[in-house]
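By written order: A, B, C, D, E and F. Residues from 1 in each chain.
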Amino acid sequence: MKLIIAIIQPEKLTDVKQALAEANVGKMTVSSVIGCGAQGGYTESYRGAEEEISLIDKVRFEIAVNDEFVKPTLDAIIKSARSGKIGDGKIFVVPLEECIRVRTGENGTVAIG
Amino acid sequence: MITKRRIISFKDLYKMFFPALLLIGAVTNISAADAPVAFAEQTALDELKVSMAVGIDTVWVLLAAFLVFFMNLGFAMVESGLCRAKNTVNILSKNFIVFAISSISFYIIGWGLMFGNGNSFFGIEGLFFATGADNSPAIGEAYKGDYSAISWTGIPLMAKFFFQLVFAGTAATIVSGAVAERVKFHSFIIFSFILVAFLYPITGHWIWGGGWLQTLGMWDFAGSTVVHSVGGWSALAGVIVLGSRLGKYRSDGSVNPIFGHNMSLVTLGGIVLWFGWFGFNPGSTMAVGDGSAIAHIAVSTNTAAAMAILSSTITSWLIQKKPDLSMIINGALAGLVAITAPCAFVSIGSSAVIGFIAGILVVLAVLFFDKLKLDDPVGALSVHLVNGVFGTLAVGLFAQDKITGAATGSGLFYGGGFKLLINQTIGVLAVGAFTFIAAFAIWHVIKLVFGLKVSREEEIQGLDIGEHGMKAYPDFQGFITK
Amino acid sequence: MITKRRIISFKDLYKMFFPALLLIGAVTNISAADAPVAFAEQTALDELKVSMAVGIDTVWVLLAAFLVFFMNLGFAMVESGLCRAKNTVNILSKNFIVFAISSISFYIIGWGLMFGNGNSFFGIEGLFFATGADNSPAIGEAYKGDYSAISWTGIPLMAKFFFQLVFAGTAATIVSGAVAERVKFHSFIIFSFILVAFLYPITGHWIWGGGWLQTLGMWDFAGSTVVHSVGGWSALAGVIVLGSRLGKYRSDGSVNPIFGHNMSLVTLGGIVLWFGWFGFNPGSTMAVGDGSAIAHIAVSTNTAAAMAILSSTITSWLIQKKPDLSMIINGALAGLVAITAPCAFVSIGSSAVIGFIAGILVVLAVLFFDKLKLDDPVGALSVHLVNGVFGTLAVGLFAQDKITGAATGSGLFYGGGFKLLINQTIGVLAVGAFTFIAAFAIWHVIKLVFGLKVSREEEIQGLDIGEHGMKAYPDFQGFITK
Amino acid sequence: MITKRRIISFKDLYKMFFPALLLIGAVTNISAADAPVAFAEQTALDELKVSMAVGIDTVWVLLAAFLVFFMNLGFAMVESGLCRAKNTVNILSKNFIVFAISSISFYIIGWGLMFGNGNSFFGIEGLFFATGADNSPAIGEAYKGDYSAISWTGIPLMAKFFFQLVFAGTAATIVSGAVAERVKFHSFIIFSFILVAFLYPITGHWIWGGGWLQTLGMWDFAGSTVVHSVGGWSALAGVIVLGSRLGKYRSDGSVNPIFGHNMSLVTLGGIVLWFGWFGFNPGSTMAVGDGSAIAHIAVSTNTAAAMAILSSTITSWLIQKKPDLSMIINGALAGLVAITAPCAFVSIGSSAVIGFIAGILVVLAVLFFDKLKLDDPVGALSVHLVNGVFGTLAVGLFAQDKITGAATGSGLFYGGGFKLLINQTIGVLAVGAFTFIAAFAIWHVIKLVFGLKVSREEEIQGLDIGEHGMKAYPDFQGFITK
Amino acid sequence: MKLIIAIIQPEKLTDVKQALAEANVGKMTVSSVIGCGAQGGYTESYRGAEEEISLIDKVRFEIAVNDEFVKPTLDAIIKSARSGKIGDGKIFVVPLEECIRVRTGENGTVAIG
Amino acid sequence: MKLIIAIIQPEKLTDVKQALAEANVGKMTVSSVIGCGAQGGYTESYRGAEEEISLIDKVRFEIAVNDEFVKPTLDAIIKSARSGKIGDGKIFVVPLEECIRVRTGENGTVAIG
């Protein structure tokens, strides 16, 4: 089992969700983050003082999947989140040792979906 | 406007008589009845009567004007609340600056074009800076000056100017909401200036400035057409030229809801507008007289708003399955816009009916404009255009001759036949055609010269950063650690 | 109400005399002093005096009414601000629609029940749609019509109606806050309609409509009892029938704070209410006269509010260790509610004392109601019920006979003995018993027929989604990427 | 103040004449023309005239006072909106309680010090609780009482008191914003009490209470100096003694922007203040007369605000590259402050120029104070101090003798030479020196006795938790799951 | 050492915190997320347009624990977060290679608590 | 490759970002969290009712780095985030199996920077 963490552009949220659904990945946890990378930021100006904002709004996906789902999930995300512009984001894959469904207490691969 | 001159001539007779008398020294109908010995006292009495009336009327008109000015807050809050947080600074800026623009442009030329003595189409005398000859508060025959069309009210020139100014400002704020979340800041400013300097005063002259529609006998008491539909037509032209917001309409043609970011502000704005309308409609008597007209108008205005709230709630409940607050508030405003023209010409009962219809119309209109893919984030078209038109026609249907003094003649439902309804229809069509075409052309020119819509990237990031370099709620948008 | 008729009879004598004179052609106390030759001028003078007064008084009453109307904004903001974001749309909707409901129900029957000529308990003549016979602005003896109880003020009928309507609306908005965050939208609407159509006008008739309490000599100048405690009793009944919000009281019985979501709105609302109260209290003279009464009332009202702010700040600081803004704002409102009945009957010094006590009472009351597990999210009971009662009794303690003209007789602290205090107490008890029992029954019936409380799931998710399918702040609740 | 006595003496002549006449039984200029037989009627006429005027004037002054009171909302919203969410409860609390403090301190002694008959520096008679001898509404010669300096207006004492009270309150609220986000709650309360009890009334006495500046011929119609610069000087002293907010200035000396948390509230507040200014300036006539003065003032006030918005927008656009809404709103307020002193003494054209300059000044001033590391979160110094001074001097430049009746003599640009300008400058310097030094001393004493600034930890966590134990927006700050 | 990630219903936050405390797990990091899974969403309607909201508010726990604490922590969460209804949430266990206490620089198992 | 998760005091955000930049770590994802540990909370009081707030605002960094960058990154964070007071925070290091750049599809160590 793997835990897939993907950082994408906010406006891609629905597309990615869509694409994941088509890849039969229907369960995920999403959060609002700010990120900094190659993408240039912008300047905010207030009452004559300026500030360079380099942390830009992004959306973070956290998806636990069984090994056979890793590839399709990654492909779905890449396909749907890519605009080709700097700032498209990253995907990280972390080993997942255990997964438990709170409702039933089931664990392991059956608990993921 | 004739409307009001008539009100006066029936309700504040003395006003029409005494000043003349005081100046030409004739004998009044009243003192005529008395022994000559009583004459001196009689005139003294008349003088007093007039001088007192001037004071009371000026206080009333100015306080009403302050309430109308306050409607700027209502528009700013309703419009920003119905848009997204990322565009809030921009909308607030537009609504805040637009009244400044209106104040200047109406002062420079708008007032002159609207109320200056001229031809049937626009004013010519005393055109600039409201500095024409004027002997206000003299009224009627006694008035000598460049602004005869508004000489029926016996208050100082500056009071007349200020009251009319706040009305002009209203027309401009209406446009702001309809083009929100995508229009370039400076392009909007330019349009607003032109609207208040030229478009608004010209049609205003037709109806309130002694122009052809006034002569024809078209009645618009407080401006369903003069103010609201003019704002509405300009907004419609803008929406068409500008196009819709990114992502408003899904590929499958269905509508993607773009939620307003702050319903508290929308409600706040709605109540403030309702409050301001008590200056807008009752204040349009521009005279207190025996108070019965302003009291009647206050109640007819409130009744229409109340009924519109109920009908829009019901309509929205039936159509959307749950009552949508944004629709209910649009409903209240729809009722107020609709009763603006007829408030002094119809019974309280009729005002209830007019309000009820307005509340239904506005909900259907919102759905309708979305079907046409005319993207109006705040419902300005449904409120001001649709109900501005409806309210003006309602005069032709529900008017009761002289109900508060004005000799409108009766409407269709009160035995007056089609005459009045036809006049109202002509007014609606003429003003609509002129304003829409002119506005459409102006928006186009601005588009060519300055550009109209912000870039796709700016629209995604929000106009607050794009146009102003700042956020409206930095502590809640993303997060800050200061 | 007697209150006011007396004020007039002492302060605006001419008003009581001249119209009569004008109609029955008698000789006035003044003209009596003059030579018959002067008679013609004298009457002309009287006519003028009256006609001028009607204009001024109408302007004053309408502007005051607009301010009271504006209090709807204050209630909407205070109440939504003191609840959670997830229930904001619902509270705003309730507060926005409730004035529409009131406008209609008071128009249909409320006004008639309250001010129509009738028996000691309710009005009978001119019951529906405020369309009874009426020759306003004629006053006193000269008045001929169905609404004699309010014929002491010389303004047009519609001005009287509108001023009383905005008061009726206030009573209904009070309830909204107390039952917030759990009551079903439509059930609340039904209760509001009944409250303003029947409950409010009936007790109102007792005190202001010529009913038994007015005859008894119970004094409530601007409505501590008629408006505020009636709203408070209805709210109390609702809170009991409805039960508390999920999780408000911990298993160990302690109180789990449910924080209001927006203190800016609460403060905004508090100041708007304070502002509106300057229409509520001074406006209740319903006549300008020589201006001394309205000036006195403006100052006594403001002084009470100021002192209540100080005392509630101190009390909250002592009890809660830190000054709680929500308590301070409740304090201001408490002072205003408490001075509403006595504002025209007590000295400025007394108003300071009354305000100071009110500010302490409200803080203790909030803690007290929580002890009783009566869950009132906004403190409506502590503000309107507790201080409505206190203010009414305060008349019996602090009143000074004729201080602004009204012959109330003096209160306990000013040598009047217990007489007045007893009358006030009777009024408080009678109105309380009637309103609470009736409201309790009505809430129960509504509960049986339509249901009263939303489901546990809906309460957790929030009534905004449950009742309206939308959020108040979509960009800040969860997050949106549009 | 002389200002106003003159206005009256020129515009409402009868007011100065008749009451005297009524009391000393002389023959008026008018009745003199008539046959003695007409005398009785004449006096009756005069009596009526006066009694009517008292009513109208009282209504006008009270309604204007209500509008000025409402400015408390404007200040509360502008100031909290320009600060961070974590300090919002504290700022709101300060602004809410400060008017209560003012009401009490001005009632106890402020009024007496300011308007009581006394020497050139402060009032002595009728010092406490506004309870001195007084026979208002008698005016001019006819007035007998302790408050002669304000006897030029014929309204009840309580109306005079209330109108002046709301002005005093304004001065105190100005300070609140400048010291925001770091001052201890109770220390601010103490300063406010002293300011309104002593500082404000003393300089107020100099200019409006019959003091030496008034005698000298220094003119401040509605309080650019008396109210705004006094608030500004006190704020400046506070800012210096208090020091800047944590992290406002970077180690490299550059300014670290600390964003205001809510531009919607700031805009709301800005419009409310503009609205309230229509009570502040036109209301300062404290009499209606023939209405021409109040109408003129309404327009000059509005024109200055509008022009200031345009010039501040342009300036901010040029300097900051993008138009900064917070600067634009500061601009509007700057224009209003600047026109406060001259509004009744200059032409509409001049008011446009004054406003335009004010809008530029305020933007530059904001940048300037930041250069000096004087940390003023809301721009109070730039708006009220800088433009209060500028507006007062503007009288010396743009005044046109008797333009609305007041014999100010003409300013430098209208052929009056330097005389008036010098008087204005003396006034600015004297009031500035006295207020700044006194305020500076008081802030220091408070600092020693009670402490002035919250701890570094509290400043980081926010004063809402530190001073009040609660958050302003619990559902949006961090997150809540209730 | 393990990093335990738990997604639960918002209204369970206090209960879970309580249960963890009883299991002597006093340190945690919590964030606000939205999640999508088997649990049905709801419809929002605005001015006549509708939208299906499938991402529902959840609360995310992140708890670093030493191996012997894994079981008690999981049990505490399951016990306290379970309502038996769909939407109760998931628990994920990820290997934790290193843990450092910023204040002291201590690292490894001592730094966790 | 490692995924570094750091929880720090909000007011240290800019300092940490600064320090990371100096350590040539320019890419990161940041989010707003609340945490509970040894640091004492505070009491909120509202209308007479009190509540102990033990979950305090923190900022969470998520940084994917190649192995040779782990040490410098940790040092940079510790150095810049430390105030010596309780509440300074924690750093967690989790194994990272894969990293993909959405824009280009590149993966592995090249995709991190």
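What to note about this one:
We take it that a contact is a pair of C-beta atoms (placed from the backbone, for glycine too) under 8 Å apart; a residue touches a chain by one contact, two chains touch by 3 or more.
In this text the structure is predicted, and so the values were computed from the model without any measurement.
Should one ask which of B-E and C-E has more C-beta pairs in contact, the pair is B-E. For the self-contact between chain A and chain F, the two sides draw on mostly distinct residue numbers; the shared fraction is below half. Separating the centre of chain A from that of chain D, both taken as means of CA atoms, is a distance of 55 Å. Chain centres here are Cα averages; for chain D and chain F they lie 50 Å apart.
A straight line joining the Cα centres of chain C and chain D is 32 Å long. Chain E and chain F, compared by their mean Cα positions, are separated by 18 Å. Multi-chain contact residues of chain D (touching two or more other chains) are listed as 37, 41, 45, 48, 52, 56, 59, 63, 256, 258-260, 262, 268, 320-322, 324, 326, 469-471, 473, 476, 479.
Across the assembly, chain F contributes 11, 31-32, 34, 44-46, 55, 94-95 as residues in contact with two or more other chains.
Residues 37, 40-41, 44-45, 48, 51-52, 54-59, 62-63, 65-66, 69-70, 72-73, 76-77, 80-81, 88-89, 92-93, 95-97, 99-101, 103-104, 107, 129, 137, 155-159, 161-162, 165, 185, 262, 265, 268, 467-476, 480, 482 of chain B touch chain D in their complex. Interface of chain D with chain A (complex): residues 254-260, 319-322, 324, 326-327, 366-367, 370, 379.
On chain C, the positions that touch chain D within their shared complex are 30, 34-35, 37-38, 41-42, 45, 48-49, 52-53, 56, 59-60, 63, 67, 84-86, 247, 256, 258-264, 267-268, 270-272, 274-275, 278-279, 282, 288-292, 294-296, 298-299, 302-303, 305-307, 309-310, 313, 320-326, 328-329, 332, 348-349, 473, 476-477. Remark: chain F residues 44-51 touch chain C in the complex.
Per the touch definition, chain D reaches chain F in the complex via residues 460-461, 465, 469-471, 478-479.
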